[in-house]
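First the structure, which I've put down as structure tokens, then a few questions once you've had a look.
Which chain is which? They are A, B and C, in the order written, and residues in each are numbered from 1.
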């Protein structure tokens, strides 16, 4: 009885969680605006066909992928190193560490104009590295914090044994801490992937080059002074949300395990 | 807490920490300082510095005071509704019931969906005649002619619902992480003492997950407080400023009106509000640590 | 260890490549078309590509780099990029924002270039209201590439069914309301209106002030803004009358759908008209005419042919006293930070060639008098559009136009949705707007 109740409750939650997405998919498969039910009376693939038949779509997808993977390459090692330092050493970084959680509170929109000026001076404005660096800076406080908590869960005795065997600090990090902190690194990966892939605001403020557009910008492009093509917009939206959903589903086990490492001491 | 044996003036931790730290300094703090400094410059291309005119104008304005109030309602609405639901979901999730294994991947999806996409889906769902949300609202309110995006309270409910929908997964994950760290014996001992499940939640689960709760709430608050793009895409701040939270006002000032000085001043309000929330949460986090 | 080094090298390579890519000299053209976002965007993008091919043939050493910015943000972006020191060469701009561009100084004065034109060329281009708006205090900031104007489009078949004469559409506001009352119908007898007489939009976007409030305000003898005192003056007696008219259409006459206050302008005006839910759509823009042709409601008119005729729909000029509808266009400018203004202007001249302007889908109706003289344009349909374009007016000369538009839209919504007192509501919004930009 109780078990059934649990099951029902969970089913309800999941229903609410996926319903809007199903509505999005429905709209993307409906030929025109249509009232009513979740199941369209006529299904068409036309909206998808129109998008994926354009080479430009793959260009944008590739840009999104480059920015996302680029940010991962920057954030993952840096946050592992910094997290390890914070978890294991008593040094000046410990004093600034509490600020890590304050960083997400700074509204990024406030400083987009100075950021563009600054990136322009550096010669990086309107380039994918600009997006990589700003997104990385945006993600890194939380990722360092996550890694710090995760390294805490790695038993110290393993490292001490390593030290006795004559490992250097760096090889210690590489050989012992990294494998143990792997789920934590996966958690960081998923976090960064989702944040960066979905990011609209940096792409909007820092890139204009037609060849450097990313997918979320193309979604917003549908809203305009001509009739909003809701079917096409939703098709574009579904195509945009697929990669993070796939990455999340495939790394989900590690991600959840990584999050479970959170805050344990 | 035991630390690595450390020689004085050891260089290793600094070397490990510096790359991440300098990334933050270079691409966040360096542009941030002139960004916030702009708030003290009078508006227009030849603004005077320093000046408090942006603040006095904003605070003198009924609309801006309403912007701030709506921000507060938005944050409290989202955090207040997402937290209890996330507790229930995380308790179910950590129960390790085999028949519920499938649920985790579905439950966490909303967090992964790009915000611009989900807000446009919600806008479509709340659209006048064809939207399922419109139908639902009409059923709840008993007004057959209700148009949710034209009624400021229902429009506000819609943006809260959307953020709630996005926030529950994150919160659930944090709380589930906390619950997983509670030793099973605690619950078993309480059970033999005859504690009801509600009592066990109140005396064991809740105090021991308070730290996770604080961090989860902090993240959701930060996200909600600064959330301009989803509200802008969903309602545009309307009807009649009815959903124009401070972040949307900031977005409009910066990207529509080109009033960067006023935008920066609003940004500093958001930052201050965020810090207040953080202190509030961290105070409870400290208390939680003390009870451990 | 090795992996790290590899990664570091990879990052450096990406950085170098990107910097190298920027170094090559290119003409940066900022536009608003996202080819992935629906057919209208695609069509205009293809046109732009055609112009670029022609330009690059003439300037083989200067390839064009396209930059894309959302249509309602491009003016603000040109300004913020100017402040951030970011360079563009050619930028699409809107006439509404010329006073702001003038104040910010982000656009180059085109007077020296335009003064070299022959008088015929100037005469051909300079008749539209937008041409005048693109010049501020003697500084020419932009050149119009089309004429966007609006009027009322109606269903001829519905007129006939309601006993109205489609050849004799309403000539003043009273006739308009009367006609709309006859056209508003409950076709299936379920007690709900299925066809609305008059489509209006009072939503949270700029269209509200431009297409509905301003024409009515002009009709009643009011103005939005006073240039001498730099103050908004819409909270006047005519302003109250204009709001009352809009409110009455929804609440008193019930000829306008109640959902007129949400969504976007195209969701509320274009879509319901195409679905047959609205019999007359006020504020129909000429940049939308192509869908009428696609639907078969007009034939041979977009693009214009000698046999063009109206089949199921007709048009008439907004039946206010002044006949004035908001009229603008996409204009084209040179960014102040451009390092190659000469080449940028030569790009503008390529755009302005008659053969390019004639086929520019987003031009609305032609901006060149010489095109209007062609025989394809000598029919009732285009005569009405020409009349609308000539009677058209620009938005007022305020450097804070976007905020003014939002302010008015919010005031209107408060009156119509919350039944607030019109005079007091307009006054409060006007005062807040004026206080925000008062000189200290």
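Here, a residue touches a chain if its C-beta (ideal position, glycine included) is under 8 Å from a C-beta of that chain, and two chains touch if they have at least 3 such contacts.
Computed from a prediction, not measured in an experiment: that's the story for all the values here.
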| item | value |
| --- | --- |
| Contact graph of the chains (line, ring, star, complete, other) | complete |
| Between A-C and A-B, the pair joined by more C-beta contacts | A-B |
| Approximate Å spacing (C-alpha centroids) for the pair chain A, chain C | 37 |
| Cα-centroid distance, chain A relative to chain B, in whole angstrom | 16 |
| Multi-partner residues of chain B (at least 2 other chains) | 129, 254, 260 |
| Multi-chain contact residues (two or more partners), chain A | 33, 74, 113-114, 117, 220, 223, 233 |
| For chain C, residues contacting two or more additional chains | 72, 77, 80, 83, 267 |
| Touch list for chain B against partner chain C, complex | 42-45, 51, 53, 57, 60-63, 127-129, 145, 147, 149-152, 235-241, 252, 254-260 |
| In the complex, chain A residues that touch chain B | 3, 6-7, 9-11, 13-14, 16-18, 20-21, 23-24, 27, 33-36, 38, 74, 78-79, 81-82, 84-86, 88-93, 96, 101-115, 117-118, 133-134, 136-138, 140-142, 144, 156, 159, 169, 173, 194, 197-198, 200-201, 215-216, 219-220, 223, 230, 233-234, 237-238, 240-241, 244-245, 248-249, 252, 256, 259-264 |
| Of all residues in chain C, those that touch chain A in their complex | 1, 4, 7, 10-11, 14-15, 18-19, 21-22, 30, 34-41, 65-72, 77, 80-81, 83-86, 88, 264-267, 270-271, 274-275, 285, 287-288, 291 |
| Residue ranges of chain B in contact with chain A within the complex | 2-4, 6, 10, 12-14, 16-17, 19-21, 23-24, 26-28, 30-32, 34-36, 38, 85, 88-89, 92, 95, 97, 99-100, 103-118, 120-122, 124-125, 129-130, 132, 165, 168-169, 173-174, 176-178, 180-181, 211-212, 215, 218-219, 222-223, 225-226, 228-229, 233, 247, 250-251, 254, 260, 263-264, 266-268, 270-271, 274-275, 277-278 |
| In the complex, chain C residues that touch chain B | 72-73, 76-77, 79-80, 83, 100, 103-105, 203-205, 258-259, 261-263, 267, 400, 402-403, 406, 409-411, 413-414, 417-418, 428, 432, 435-437, 440 |
